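Here the structure is laid out as structure tokens; the discussion comes afterwards.
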Amino acid sequence: MNAVAAPSPSAARATDTLAARYATVRARSVALAAPLSAEDAMVQSMPDASPTKWHLAHTTWFFERFVLGTQPEYAPFNADWHYLFNSYYQSIGPAHARPQRGLLSRPSLEDVLQFRSRVDQRVIELLQANALDPQALRQLELGLHHEQQHQELLLTDIKHALWCNPLQPAYRDDLVSRPGVAAPLEWIHSPEQIIEIGAPAWPANAAFAYDNESPVHRVLVPAHALAQRPVSNAEFRRFVEAGGYREPGFWMSEGWSLCQQEHWQHPLYWDDALAREFTLAGWRAIDPDAPVCHLSYFEADAYARWAGARLPTEFEWEAAAAGQGTAGNFADDGRLHPSAPAHERPAGRHQQLFGDVWEWTSSAYGAYPGFRTFEGNLGEYNGKFMCGQWVLRGGSCATPADHIRPSYRNFFAPSARWQFAGLRLAKDAA
Amino acid sequence: MNAVAAPSPSAARATDTLAARYATVRARSVALAAPLSAEDAMVQSMPDASPTKWHLAHTTWFFERFVLGTQPEYAPFNADWHYLFNSYYQSIGPAHARPQRGLLSRPSLEDVLQFRSRVDQRVIELLQANALDPQALRQLELGLHHEQQHQELLLTDIKHALWCNPLQPAYRDDLVSRPGVAAPLEWIHSPEQIIEIGAPAWPANAAFAYDNESPVHRVLVPAHALAQRPVSNAEFRRFVEAGGYREPGFWMSEGWSLCQQEHWQHPLYWDDALAREFTLAGWRAIDPDAPVCHLSYFEADAYARWAGARLPTEFEWEAAAAGQGTAGNFADDGRLHPSAPAHERPAGRHQQLFGDVWEWTSSAYGAYPGFRTFEGNLGEYNGKFMCGQWVLRGGSCATPADHIRPSYRNFFAPSARWQFAGLRLAKDAA
Amino acid sequence: MNAVAAPSPSAARATDTLAARYATVRARSVALAAPLSAEDAMVQSMPDASPTKWHLAHTTWFFERFVLGTQPEYAPFNADWHYLFNSYYQSIGPAHARPQRGLLSRPSLEDVLQFRSRVDQRVIELLQANALDPQALRQLELGLHHEQQHQELLLTDIKHALWCNPLQPAYRDDLVSRPGVAAPLEWIHSPEQIIEIGAPAWPANAAFAYDNESPVHRVLVPAHALAQRPVSNAEFRRFVEAGGYREPGFWMSEGWSLCQQEHWQHPLYWDDALAREFTLAGWRAIDPDAPVCHLSYFEADAYARWAGARLPTEFEWEAAAAGQGTAGNFADDGRLHPSAPAHERPAGRHQQLFGDVWEWTSSAYGAYPGFRTFEGNLGEYNGKFMCGQWVLRGGSCATPADHIRPSYRNFFAPSARWQFAGLRLAKDAA
Amino acid sequence: MNAVAAPSPSAARATDTLAARYATVRARSVALAAPLSAEDAMVQSMPDASPTKWHLAHTTWFFERFVLGTQPEYAPFNADWHYLFNSYYQSIGPAHARPQRGLLSRPSLEDVLQFRSRVDQRVIELLQANALDPQALRQLELGLHHEQQHQELLLTDIKHALWCNPLQPAYRDDLVSRPGVAAPLEWIHSPEQIIEIGAPAWPANAAFAYDNESPVHRVLVPAHALAQRPVSNAEFRRFVEAGGYREPGFWMSEGWSLCQQEHWQHPLYWDDALAREFTLAGWRAIDPDAPVCHLSYFEADAYARWAGARLPTEFEWEAAAAGQGTAGNFADDGRLHPSAPAHERPAGRHQQLFGDVWEWTSSAYGAYPGFRTFEGNLGEYNGKFMCGQWVLRGGSCATPADHIRPSYRNFFAPSARWQFAGLRLAKDAA
């Protein structure tokens, strides 16, 4: 439709690469849904979670609206679906109420998969024809990162949904676990220093980062120490056995209220015997050496206080992570559960900063100095949630490996327990 | 398959008939679910409603538990399902929380249909082998009536579920409507009289009736008059247009609170233009001559007060219905929506007492003098709900035709709007 | 002060009598508030209860609005108070939200008492001058009965308020109790009969009755038996000890939910040792022979079922009460707590039908055939509450003795526990 | 009673001074309650607010428990009151539920005032006898600061209580206002700098500060600009008139939900005409030049975004305030309402950093690096609330003048509107 000049060979290669990456990311969502029936894909077990089908549709809507929608002639697959699959973009219209996403028997999973195919086909055609303008390309790039976020949520949401069913079926029966050993706790000390935090603002800078990671700015990080690895299940179990869930002195006031009201007695998916836990592979023995997970901020914070330590700030975490690679146990590893460290690291080096479990920090989620939201409708992406949430860092066993960065800031309400979230201890310099 | 003695010819005929009736009733539930996808069959749009799949499973559980369960060697299809598909029989164990029935992606619809097949096969074998003792046969009889109740709920629940979906799809596209004319309102007068109300207690008496219909007892019914037909859509629309939903003087105190809180402005499935209504066939023009339906008790009562009349007592209704046949527009007619009268009746005769719409009475649902609940676990069937509910009479367009009786007492909370419930006016003798 | 013609001697005597009665009733409310501080008089411990000060003001507002308000020249004491002290008369304007009556530090108790004095002075002047027209006189009559109802509520509400204070102070320290003996349970049988229920409609008939007691109508009451006295504390304690609060089989479904949710384990004001109870005189030993009270309908009904009996209908109760005087332990006796019978009655005679405790009946509160609400604004007095409530009969130890009648129908929600409500057993004829 | 050595003259002078300060602070609370009746002093208009009487009693309990309670022979005034007037110190026992403080008609205001007198008398005796050990003296010091916090809450709570009464009476009729002029908005720029934030930890350091202000630590504050004065009523009114309360784009997601749910249309105490506001002196015309107040964090943040600016961090605020005196319009000024600036300041100088209105910052309330809670039971004072709250700085017209410091950190939930809270704009360096 556009009388565009033939792309140069290198541009053609770039769009080929992008098309391939698009196809890969998009196919992975479908693959994640493959073990589920259409009925499974419809369950919404709490207002915070969404059905698998909704994740599949909403991520597709994102590309339809923000990529295909930039094409003047584009007619949506089904105009009525805009309302259904908009999540929270108020500037582009009202949206179906979040707690009622589980009522959507129509469109069917099959219809949604067809919607995906059609949108994907068209996007790839446009990519191959080099027909997308820079704004559309940026929105496509953002859409791929957005889809990866939903891939993780799809897993944590379906885990919760299956656990809510009294039959408590497994998501997959073929997941393997990996043994390992958690070394004794070791403190790694850092002196006071000024460091650069964050990532240069995209798209001005070519490497993608969310708006909430920018701009790069200088922060004075005080002298402190960080544990070399996350808190393990064995360690957390000692807290439980020591009465940690019955002693208000370890808890934030709001956390203690919640703990009592919801009758928390241990991490979300543990059994009362503290022996087994519900995983995406069903019920399994708790690995004492693996990082503890499915903690709320309140539980992580209470544990740290009980242990005579504290949570790290997000700056302390990023300082530790900055120099490292991002290798770790990610969704790509196919275990979909945190593992104990597979091999020892040299003394003085951190373990498991990336993957396994998101690490709660003591940093309330807020704007960096000079923060600007993305332009246009996508300004609603991150900024409007900078209130009442806490930063988590490092990614988890359910995060796609190429989705993480040292500067990546995840955020959840302090009451949230259904994510793969654990903690690493910190303390002030003596 | 059981080496039982050959039954006598007449007993054999009776059980053949029963087996045939069993097969018919059971097949009808499956047929009602046929237009729905597995996803549709899972939706629970409010705590008062249940998913289609749950209806299919729960009615089967009833036969498994109360018929097959009387056989010493019987092993349940799946022991874990007892908890899932028990509704409210506390004496036989805890049950899955009602508001969470919509989370049950497992068992699948397919598994539930297989459960039905297996149970049906075994029940029919036992019937054909004449192997069920009298208690099991009584519980089977009750199970058939129970299943018919759920057939109606299946329809009203799925109607609500589809309406809650912003796409508002039809349950079926092939439903026909039937034109007719509502004659001008006419009053039929009755003098004071003592009448016999209710049905003889089953199973002592062979004809089935629920425990709440018994015993037969004498009631003094004062002089009064009843309208010859239910209130029509056209009549109710005048109430709406006259501001009936904005004037507290017509309403019970609790009803007025609810009306304001829920922003009621017209019957549940009408549009704001008072021109169209949502039906099992999708959106349709409102037939002015058809009986109004989907009213709460509060709306029915307010209308009656506005019209200078009142709701009838259940005794007045039964007095009018006693001498009549039970012909009417039932689920078997295949319209699944109330219709205007097809032809005129002789003056002085009631119309549409049966079928079309349940008629709210002014009678609070309670025990008749001498009331005894069914024996054993099934004592929980009706008695424990005799509080805070109102009696409705006559069946509706969603009721199986052979499920109704003049003595039949349906009951719902006064706030319930999702049933096919309307009203017939009554007034005191001048 | 008005130059009215001198009334005839007999009319003068009638109005003198009325003025005296007015003064007596009105003074009694003030006397009931006398043991309370201004702070006590302001407490609202739950939405269903009102502060003492509000009772004092609302009953005065009633006379101001419906008696003085009929005088063309009358200016209200304070026009802003109309909104504050209207209870639920929607036809004469909006009212302060019920749950917020406890926030009214202004007007002060002193101001309210002054309001009472002023209104009383003016009403008595008008009465003495014979200046009230028949409608005003009728509304005055109604106002006196209304005030007596609030006198009982004042007592039950302040009892609850003081009990909610962790210090649990007594309302009065000078209340005496009276010993007695509850005779063994005896059944008094009645054959089927048609009786006249209700009272002739006032004001057409001179004797006062509420609209909900009229018209007199014939009811066929089936053969049955009633216990000769209410259920005693000792009897109810056996129900508690037998696990009555832990066994769903005795309870209405809604009652069982409430029982679990609110952790009911015994009557409202009993201690967990089942030995002492909170009374208007503070904590006291439970008298085993006195009638049990502070039961909800659900508890009364569950007890009756456990005891192999049932609650009486309001017609059975009225049939028993019709031939008797209304003597009993009323508020005038000054004990303000139920007592055991002081002396034996002849065999075959009922005891304590009047006074001591209101008796829950199995009758849902509804309209009698031919029911008409009072005319005008006062039509809201009773009729709009005929939904979801149960009838209680006979008055209690907190009811003014001259407020009760055999036809008197009190009504409360089945969950209400803070009234002096107990039960008398009934059973069907064998 | 203690065989203590005679104090040195200077120590005697110190305790004389402390006794005088104690007497002054304590008398001020009583004076604040003087315009109120016992009934006014009992109102609790929302769970977040407390009755005046409770403030008077709780602050006294604090001295009884933490000062007199250190004396071995001390018997509490009334042992039952410990439960009533403990606020949230879980380590020393359970406490009366906060939302039910308004039910406490007993003890009476008079009893509470007597409680105050007795405790005060004993404390002063001990001070004059130099009989308090260092721990008791520290707790007394803390108690005085604690009492001053409650003095401010007493005012904001009673303001809300009186406003909730439909009569909306004034707290005092004799409050004067002060005219002034708000100069045009001017930006004061600061370069990037490392500054020392906070106060040295008390009691190691003699000058009092709360634990949450310590330790002093270095913070890198980026280049930025601050407005020279708070946002005025006139400015905020333009935001309202421009539709600021109807446009989600200016709001945090949670704030927008709240704004819609609570139907916010303007600051809490403004009328819908945007012309008058409710003050402690009753309804008054809004002074366009005075700082806007009674904003939630969400409103302050939305305004800032609309204005193309942002809220300052608490570090930016403290950097501006550090060099200045703390003069301002405080409770001691007797106006009890924000005023416009009385006179111009030199260019480049901030106005009204102290007094008038608390200024919302963008800083979530959390621990400073190296934070330690107070020792012992008082460790619950501040630390356990470091979750979900925002820091406000500078004090208000309801704060005692000698209660404020540049390092002082007040904190409230972002939804709180009933404090005298406004904002000052900030922006990033260009």
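Lettered A, B, C and D in written order, each chain numbered from 1.
Keep in mind that, in the parts below, a contact is a pair of C-beta atoms (placed from the backbone, for glycine too) under 8 Å apart; a residue touches a chain by one contact, two chains touch by 3 or more.
Bear in mind the structure is a predicted one, so any value in this text is a computation, not a measurement.
Listed by label, the chains that touch chain B and also chain C number zero. With respect to chain C, maximal separation of chain centres occurs for A (centres as means of Cα atoms). The distance from the centre of chain C to the centre of chain D, with each centre set as the mean of the Cα atoms, comes to 48 Å. Per-chain CA centroids place chain B at a distance of 61 Å from chain D. Annotation: 39 Å between the Cα-based centres of chain A and chain D. Under the contact definition stated at the top, not a single residue of chain D touches 2 or more other chains.
Inter-chain contacts occur between A-B, A-D, B-C, C-D. Listing the residues of chain C that touch chain D in their complex gives 37-43, 45, 80, 83-84, 96, 100, 102-109, 161, 164-167, 169.
Residues of chain A that touch chain D in their complex: 88, 90-91, 192, 194, 217-220, 222, 224, 248-249, 251-256, 297-298, 301, 310, 313, 362-364, 366-367, 369-370, 379-380, 384-388, 414, 428.
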